[in-house]
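Mind looking over this structure? Questions follow.
A, B and C are the chain letters, set down in written order, and residue numbers restart from 1 in every chain.
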Amino acid sequence: MFIQKGKSFGFILIFVLILLLLTVLPFFVDLFYQTFLTELFVWILFAISFDLIFGYTGLLSFGQALFFGLGSYTVTILMRQFGFNTELSLLLSIVIPILFAWFVGYFSVKLTGIHFVIITIIFAIIGNIIGDTWTSFTGGSDGLTFSPPPFRLGLFQIDLMDIKGNYYFVLTVVAISYLFLRRMVQSPLGKVFISIRENEDRARLIGYNVQRYKLIAFMIAGGLSGLAGGLYSLTLKYASAGYLHWSVSGHAVVYTIVGGMGTLMGPALGAGIVMSLEHYLINYLQATDLVVGIVLVFMVLVAPKGLVGLIQSKFKRRKASV
Amino acid sequence: MSETSETILKLVDVNKAFGGLLAVNKVNLYVQKGELRALIGPNGAGKTTLLNLINGTLSVSGGHIFFKGKEITNLSPHRISHIGIARTLQITSLFSGLTVFENIWTAVQSRKKFFNPFIRALKWQDVREKTESMLELTGFQDKAQLVCSELSYGDQRILEMGIALSTEPDLLLLDEPTAGLNSQESMLLVRKTRSMLSGQTIILVEHDMGVVMELADNISVLHYGSILAEGPPDEIKENEEVKKVYLGSEHA
Amino acid sequence: MISNLAIAILNGIVWGLIMALIALGLNMIFGLLHIINMAHGALYMLGAVVAWYLIEITGSFWIALVVAPLCVGLIGLIIERGLIRTIEDKPIITIICTFGLMLAVQQLVLMIFGGSPRRISPPVAYRFPLFELQYPAMRIMIALISIGLMIGLWIFLRKTKYGLWMRAVVQDREMAVGLGIPVNKVYMWTFVLGSALAAFSGVLAAPIVSVEFMMGREVLIMAFIIVIVGGMGNLEGSVLAAIMISLIQGIGSLFVPPSIATVFALAFMIIVLLIRPQGLFGE
């Protein structure tokens, strides 16, 4: 829960190093890898937003795809149909999913356990069906394409049609989001979320309005999932109703479990490893889902705290023996 | 027992029915400020249900509950906590994956109205200081970094008390705090609790008659959901009906 | 109009009965083992796929109807012994574990069976005249078989020793152990039975929908919704909820596009969940 000063310095060091590495990388790898990494950043954002509600607050929602899809469609439709600029569209790709998350969450947090899981899935399915059927608006599973204009902030401008530019843009947004979430989970608000995860009844008895804070977590996660969707569409210049399917939520679950829930860096790591695994396997087998499925089962049985959990326990063991 | 100017908690004709079963039957209760009222009775008499009704975990089927003169019937548990009522449970309910420090912190923090998502929690001086003084009060300074599950059962019960106290209550509802403890550990808990208290009103549900006789100012005996008898410990000890129903069969 | 309505109602009931079988299996597994079996849809799919292979080999739907659930029951046994045994009682872990299993199984089937849907020719080709149109006897037969299976299940649970044991373990596990009931065996056979039921619905559904590796996905979610809405642990509730939902979808489709009808059914589910989280018929 609380991170000592030493660990915090360690984190800053590692974070900066990784950022530096990622900044320099595009000069050494080809465009295909740059696009792959850009997509990876988006999925990392989606995974850490899921970690906020699942790893930190204890709410298992298989319905986050709804907000991802909403974010992606917000960006696409606003820019394609209404000529909005990139900055505003991206901002709205956070705001509109938050509003939907407020609606969905308001009802969903009244329930707990499996009921919560089911109701979030139902909402997601409804969203998916509407997306699939309202083809005049959403393009159905064929989707919609568009060309985003450059992102402008004051005098600064990035061309999103350029793969490298896109890469840096997404990297920046995701890095900022990561730091934002990290600060939040260490903050007093984060402590409230964690206490709900640890013992919801106790939290309620000592005076926390548990439903309200579950809703807040749900809305923040929804907004960040939407941002991920928006970035995804900006990168691929495309949105499709397939993004609304609950199996998309499944990706976040897999990355988070494999990496280690409740750690933020776990889901990031998990996303990196699983996506790279899938990427390499595609060359040898068509059966990526099979491997992912087996890895998931294996992880859950052997290392329920994920890879990060394994690493942490190795450190603890070394400390104890010193 | 009737209402006086010092009455802090008032239950008027409180009922609770579960389907056809009347667990609490027209209970009238008046507790004075600063009093330690023991609530005893055989298993299933409705003691825990009564506590649950007072702290909002259950809603009443009838009747009213007043605290400090204001009606609190059927308010939700988190609102009741802010009105000044804290509760410990018979089955220890802590934030089990967190450390002692974090448990107390969470309880201390609960008194605040706004939780800033942009600052580091540890930098919150006010909460930090209060947490550290609570750790001293409960004697957990040295064990602050231990995870709850690493504590002995007796320590966990003390921590449960500490968490309740950290919410600065005026009324404490204690549900069998000595449950699962041997007589030595019970005495330790009682001593520790005494040192941590400072004039709060207490309703104590207990089976350990030694503890009850030693601590209680007054005793209310509950039987099949109704109050059978009420009075100071000496009176209750001599009460024939109570002896028949409860003390006779259980007190060795 | 009347004939359309009659067909919609009949189709709704038939599909509802098939869904009821899946939901019953899921409900038993959840009610007893407290396992949320995300792989249940995959078991349904396996039932249909195995049936397809059996029909290819033997040409008989009836053999497939009997043998496929046996095969899938065996697979269920392996899953229970190998996997579930190690993780029982931790709900989040079982959800994720069975989810992984579902991914793996679906992919395996994709690799072996292929991606294109295949049809199973109906075992009976006769069509009843129904008002102005005709209704396939096959569907009536499927409905009758489903009802027969449910009656069989009811008899099993109420009248046999194993059924009694199962109900005892659901009520109070510790007391069941105390009474000498082999609880582990009961768990195992419950999972096997649940898997077999899923497979049965797969076989019965196969002539109606086509057989493909993805067919479990949508069915799984619907099955969960039915179990929750009908009341977890309440088997009769699952049957009623399944038929109700199916009818809403079916009749609704006469008036609005089918997907919108599904949305209405789903919205209805949300309302039920909020008003009565224990389900329509749960306690």
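By our rule, contacts are C-beta pairs under 8 Å (C-beta built on N, C-alpha and C of every residue); 3 or more make two chains touch, one makes a residue touch a chain.
Note that the structure is a prediction, hence the values are computed from the model and not measured.
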Chain groups still in contact once chain A is set aside, others held in place: B | C
Most distant chain from chain A, judged by the mean position of its C-alpha atoms: B
Mean-CA-position distance for chain C and chain A (Å): 33
Averaged-CA centre spacing for the pair chain C and chain B, given as whole angstrom: 48
Rounded Å distance, chain A centre to chain B centre (Cα mean): 42
Chain B contact footprint on chain A (complex, rising order): 1-2, 183-184, 186-192, 194-195, 198-199, 201-210
Residue numbers on chain C that touch chain A, as the complex places them: 36, 83, 86-87, 91-93, 95-97, 99-108, 110-111, 217, 221, 224-225, 228, 232, 257, 259-260, 262-263, 266-267, 269-270, 273-274, 277
Chain C contact footprint on chain A (complex, rising order): 60, 107, 110-111, 113-115, 117-119, 121-123, 125-126, 129-130, 132-133, 246-247, 250, 253-254, 257, 286-290, 292-297, 300-301, 304
Residue ranges of chain B touching chain A (in the complex, touch as defined): 55, 57, 76-78, 81-82, 86-87, 89, 93-99, 101-102, 105-107, 109-112, 115-122, 124, 127, 163-164, 166-167
